[in-house]
Structures are given as structure tokens and as C-alpha cells.
């Protein structure tokens, strides 16, 4: 029973149907990729749209006369004496300087309230000026060019967050202030420029969003990553090598294997509770310290390092082990001379991706107190600090809309770090990948 | 080995070459029988037929050798298969020689037809031929059926041929001594007898090949010899 | 067949190098090798043939205890190398494997330079005292593996960049570098083209002058070409062991006959 011969030139219905099915499937696939790309684009656009302005800041640039009369009554330039002058005193100096500058430039703005001029200067500016003077008391009595941080609302005006309409309803800013700001900008006394302080400065209070920076968070994250790297790389690799190359396959190792896989799936907040119970309540390590955060993140990262490390070891062809054993290498020599170097790119990639996950982890850190408001740079692993993602979380909780911009800016910084780490992973893999 | 090869084309090739060998054997047997009939019946025509049939036998040998060479090159035979191909080549060679003797017999019978008959030599020679043909066909059957016992039997029967030849040899001597005019005819008849005896030897060679094919070892050289001519002190000239 | 014996004895010593008595191998419950008795001669190429899964590779790997790496594998019986039981408690397999080198089915050079590949064995066994000696060993091994002339100008190029046949000869050089007494080869040519195969076969024939070579092969023709002794394994049994010439012209056992002549059996 042979079917009548069909010409190859005339497609048969089954083939047509199969081709259609394939075309449909490709369309679904393309659609799925498209959705993913659009989602990514929307995410990036919204974050960059909100956050890129955090890297710019509005400053008032006026000459500031530092009067000896109010800042150093004794005239001795003794730091201890000068410290008695609080930021209030410096705020007056700044206001005077701004008043004089307005007058000197002949700017007249109607409807300015009594405190409106002074309120245009950020509270932080006085603190900055005080620190500057205390660091160099010889400045007293001189007139210096000082860049005052503008108030967050004025800054918001130049970033589109504050308009005359919203200012009319806002008790913290008046339309007259905005007029004044415009006039100052015209004279070149007010400018918006790149804001390095956002990366380096510590966090600031609710009233001073314009001064808030990521310095402490970045340092805290950095310390934690050092702890995670120093602990999880040796422990993770040793575990993977032992389980993959040396351990006898029995029920016990099976249980360990299953548990490692399960650990990787445990929600990270559980590790936070564990850290709280063990490291803080039991071991009495300080709260908010990078050491505790690092330990908790190490626990969380370990299974995520062990699993790819084992996969990398498994991917090394057995023929290489045979070859080494065949010329009389011991088990350990074959692992350390041949298998491990070949698996290194995979292990490193897993390591970096694990670190990147740890870097972005928030939940467990909240539980061990790393969410605290920290103004001082941590000097070591045991000093209080915060972490980048926690800082993001923290800022999104604050009332002032200026913090939305800060939070998005912090996300951008975090994303850039993650991008750098992932790029490093790819570069490492490319560089060390060897063919066999 | 009755089992089939995994590659069936190999089996077909082996069967083909075996069949060709059997066909050649049949042609040779016919040639011997017809040559002996022609001799006894002084039938010139039959003798001519035998002479021309020999060309076909030679062609057949060539074909078998080619087939064997092809089989060795393409199938790389091993063990039994290798022995099979080797034995076929050797047997084909032997058959070709037998065919040549039959042709020679036919040639001489044409000459003898113009001479007076000498005794009952024609009948004796035909009987001898028949015995040889019997040996030959048994040897070939043994080859087909891989029957070493039958082949050994053929080896033993060579003695009978030798004895028949010895008897004829003495008879021819007597005739020649009686009447020197018989010498020419008797010389021819003697050559014929010698040729038939040689055919017997070749049939023996074939039987030996069968034993090699089946056992992988050549039989020991203790073949029964009953050729007493040399002991008579007379040189049996051979063609 | 007779002249083969002549050429063999011309090589010289026909001492027994490895002698196996009543060897049994179990993989868990599976009885993989049953009662194998064999005597492998010095300076002789011995071929193990047999259908897949017949135990020939398993038995080969018993000879340098490569089976030790498989936890469920158990070996019984005696395997003596020069009269010493290699499964004795006091024998360290690492030392044994330096004496009984191995070449695998797939060329498996380390992803390192050609030089480092060959130097690896001598280095880990501390066979040389200085760089000059090591250089000497590397050159000698590569010469023995008939590879020196092809690679002498690029000793520091990666070994994985060589062609398949060259890689396999590099693996042989690597095995030879530890000055073994026996070379085990597990289907060394199965991944090679005919020319490379011929080169490796020629090399095996040359190695016979110095080593006892045991080769597992699926190619009957290869066994016939390179070996002087052939052992036929079937279902874990050593069915027949003898002169290669005899095995291939008049095998004694019908199972051997069926297998080598390509019949269902």
C-alpha cells in the first residue's frame, strides 16, 4: 500500500499546518520578549526620569562675610571657644550675606515675607559653613565665596516639582520666593549643578532632603560585601568541592543536597529573623553593624553560591579527572590542578551574581536594625551603618516629595553597582573560559 | 557456521561465490565424463565439444577469482569466512587444472580414433574417470555441506585411483612389449591414464581444502599412496 | 601465522608482566567480570576485544585500579604485576598508576600547554630534579609518541589546539612520561580518522619495544593489525585468549568465531 506520489512542489496540508504552528509559536515568543523589553524600558524610564535629578542640586552662590564679632568674640581663634557658636549664628551670617547680595544687585521682589529670604537657604548650609570655619579658623574676618545649598523647595522649583500654583498652597514656600529665585538666577547668584554630595554625604533629616546623600549607605554596603565575600567564597567553594568531588553518595549527602537547594529558596526575611536571634540577641553583636548584616547575607548567599559552583564542577568533563588520575595524580591533585581551574569561571560568575543579590537584599537588614538613621560614616565593621537598598526603602517612607527623587537616585546608584558586578561576571567568564 | 551474518549482503556474496564454484565443478565433471565417453566411443564430435567447453571453464575460474578478490577487499573476511574464500580460490585453481586434463584427454582421443584399438583400455579409462568424478563431486558436496568426514573419505579413495592407474600401466607395458606397433597408441593411453590419476590428486587437494575450511588446519601429509610405478623402476613420464 | 611467532620472539623477553587469577568484578549487584584468568606478556601488544558491555574495559581499568574511583565497584581475585598483588592493602593506587599508565578513548589533554601536559606526571611524582631534566623527559616522551617533530616549535601552545590524532599522541606522550611499565589503552583510536588511527597504531607497535601494551578495541581489524595476543570477552567471561593470528584464522570457540566474523551470536 503505497500512497500516490505527491509532488514536492505542491505542499501538503500537514506540512502547511506544521509551518503555521511554528510561525505562531515564533510570534508568541517575540511577543513575550517584547513585553519583557517594554516592562524593562518603563522601569528604567521611570527610575531615570525620577532619579536623575538627584544628581543635580541648586546652590546659591554669594560672597559671605564672616564677621569676627559674631563668630569669634574672643578673637583668639580658639576652636573650643568658637565651637560655642551654634549653627543659628552661622544661619544669621548666611542670611545677612544673601540680603546684602540681593540689595547689591538691586533685586526687588514684591510680596516677600519676613522670613522668606532666610528660608531659601537650607538649614544644612549653616552647618556646612560652621564645619568649614572650625576646620580653618583663619577664614573668620574674611569674605569668602560660599555655595549655599538652596532649600529643597527652591531646588524642587528648578526640577519641576514645585510650581507657582503649588507654592501658593504650600506653607513652606511662597510664590514670592520663587520670583526671588528667578531674579537671583538671572544675576548668576543661583545655579543648578552636579551634586557629588549625593554620593558621598551621609543621610539627612526629614527637613533637609536637599542635603541627603548615600555616603553611609554605600560604605555600609561595601563593608557587608567584604564580609560576605570573605566568608562565603571559601566556605561555598569548599562545600561545593567536597560534595561534588569527595563525598560518598549516600542518604546523608542526599539530605544535605536537598537542604542546600531548599535553603536557596528560603525567603530572605527568615534569614533576618535568624540573624536577629543568633547574632544580636544571642551573640550580642552590635545592632545596625555591617558585620551582622554581612553574616546574615552570607547565610543567605551560601546556597546560592554552592549550587552554581557545583554545577560548574559537574560541567568539567570527567575525562579530565580520568586523565589526571591516569597519570597518577591523587584525588586532591586532580581537583586542585585541573578541575577547579576549569570550573573557576563558573564559580566566579555564581559568586558575583550571589554577591549582587546580597547587595540588593533589604528585608533581612531591616530586622537587624540597619534601617536606623545614621549620620556618621562607619569606621569599621562594628560601627552602625545602613545599606543601599535599605536607604532606598527608608527614603520612600519620608513625607517630603523631594525624597522620591533621592530614592530613585539611590536606585540608579544601586543599579549601576549591580551592572558593574554583572559585567565583571561576564568579563571574568569570557577571560577564563577555556575549551576542552 | 550456519549462523547468518549481521550484514546480509555478506551472506549473499558468500553464497554467490559458492554457487559459482559448484557450477564450475559441474562443468568440470561433465567435461571428464564426456571426454571419457568420446574416448571409448571414438566420438570426434563429442571430443571437440569437450575441447571448446574448456574455454568456459577457464572463464569461470577467472570470474571466481575476481569475485574472491572483491570479497576480500570489501568484506574483509575473518576466520571461517576467510578460510572459505581462500579455499574457493584454491579449489577453483584445481578445477581449472582438471578441466585442462579433460581437454587434453579429448585431444588425445581424437588422435587415438585414427589408430587401432588396444585391448579394453577405453572401458578401464572410463571406469577410472567415473571414480574420479565421484571423488570430485563428493569433495564439492563436502565443501557445500562443510562435511570434513566426507572429505576425509575422498582422501582415502585416491588410493583406488592410484591402483587403477597401476593396473593400466602394467597392461600398457604388456601391450607394448607384445607388439611395438602398439607403442604410439599405448603412449597416448598412458598419458590419459596419468592425467586421470592427476585429476584424482586434484580432487584430493580439494578435499584437503574442505578439511582446512572446516577445521582451520591442513590434514597431515600421510596421504595413502598406492602409486607403485616408481617402485617398478620405470619413470612414468608426465605431461 | 608461523612467521608472526618468529617476529614476536625476536622482540625478546616473553616474561609474564601481569598475571590475573580468578578475577571477579562486581558493580553493586551486577557481576561484571567472571573468573578471568589471563597472563599479559612483557613487550607485547595484547588486544581485548568483545561486544559492548562484555567487560573488557572494566577489566582493563582493574589493571591500574581506575575502578577504585567508582564506589560501588568491587574487585576479587589476584592481579599480580611482576609478582606483586596490585590490590594489596599496602599498594597506593597513585603509585601504581605511574607504573601502569592509561590512555583513554577520547583524547583528553589538559587545557594547558603541550609542555605542561607532558611534564605533569613527572612533576607530581617528582621524577626530575631540575628544569633541564624535565625538558629532557618531555622531549624524550614526545619523541616516543612520534610527536616531537610536529610540536617542537610550539611546546607552549595549548595542547587542545592540536588535531585529534596529535592530541591522542600527546596523551600517549603524557602517559609515557612517567616511565610506566605497562600502557593501558581504552579504545584509543575510536575518535580518530583513519590516518590518525594508522599513526597511533604505528606508535603502538613501536611502543612494544619498551612497554607491555594492553589495548581495548572495538575494531577487529585494529586488534589484528597491532596486537600479538588477543583476548575475547563475552558477557563478563574471557572466552578465548591466544595468538592474534590464531584467533583471527581459526578461533576455537564458536562465540569468538561468531563475533569476529560479524554474525549474530
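Should a chain be cited, it is by its letter among A, B and C, assigned in written order, with residues numbered from 1 in that chain.
Going forward, contacts are C-beta pairs under 8 Å (C-beta built on N, C-alpha and C of every residue); 3 or more make two chains touch, one makes a residue touch a chain.
The chain lineup, named per UniProt: A = Phosphate transport system permease protein PstA; B = Phosphate-specific transport system accessory protein PhoU; C = Phosphate ABC transporter ATP-binding protein PstB.
Here the structure is a predicted model, which means the values were calculated and not measured.
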{"item": "Omitting chain A while every other chain stays put - resulting connected groups", "value": "one piece"}
{"item": "Chain nearest the overall C-alpha centroid of the shown protein atoms", "value": "C"}
{"item": "Most widely separated chain from chain B, with each centre as the mean of CA atoms", "value": "A"}
{"item": "Maximum inter-chain contact count - chain pair", "value": "A-C"}
{"item": "Centre distance in Å when chain A and chain B are each reduced to the mean of their C-alpha atoms", "value": "104"}
{"item": "Separation of chain B from chain C, taking each centre as the mean of its C-alpha atoms, in whole Å", "value": "51"}
{"item": "Geometric centre distance via CA averages, chain C-chain A, whole Å", "value": "60"}
{"item": "Residues of chain C that touch chain A when the two form their complex", "value": "64, 66, 69, 71, 94-98, 101-104, 106, 108-111, 120-121, 124-125, 160, 171, 174-175, 177-178"}
{"item": "List of chain C residues in touch with chain B within their complex", "value": "220-221, 224, 248-251, 254, 256-258, 260-265"}
{"item": "Of all residues in chain B, those that touch chain C in their complex", "value": "1, 3-7, 10, 76-83, 215-217"}
{"item": "Of chain A, residues touching chain C in the complex", "value": "248-249, 317, 319-330, 333, 337-338, 342, 434-436"}
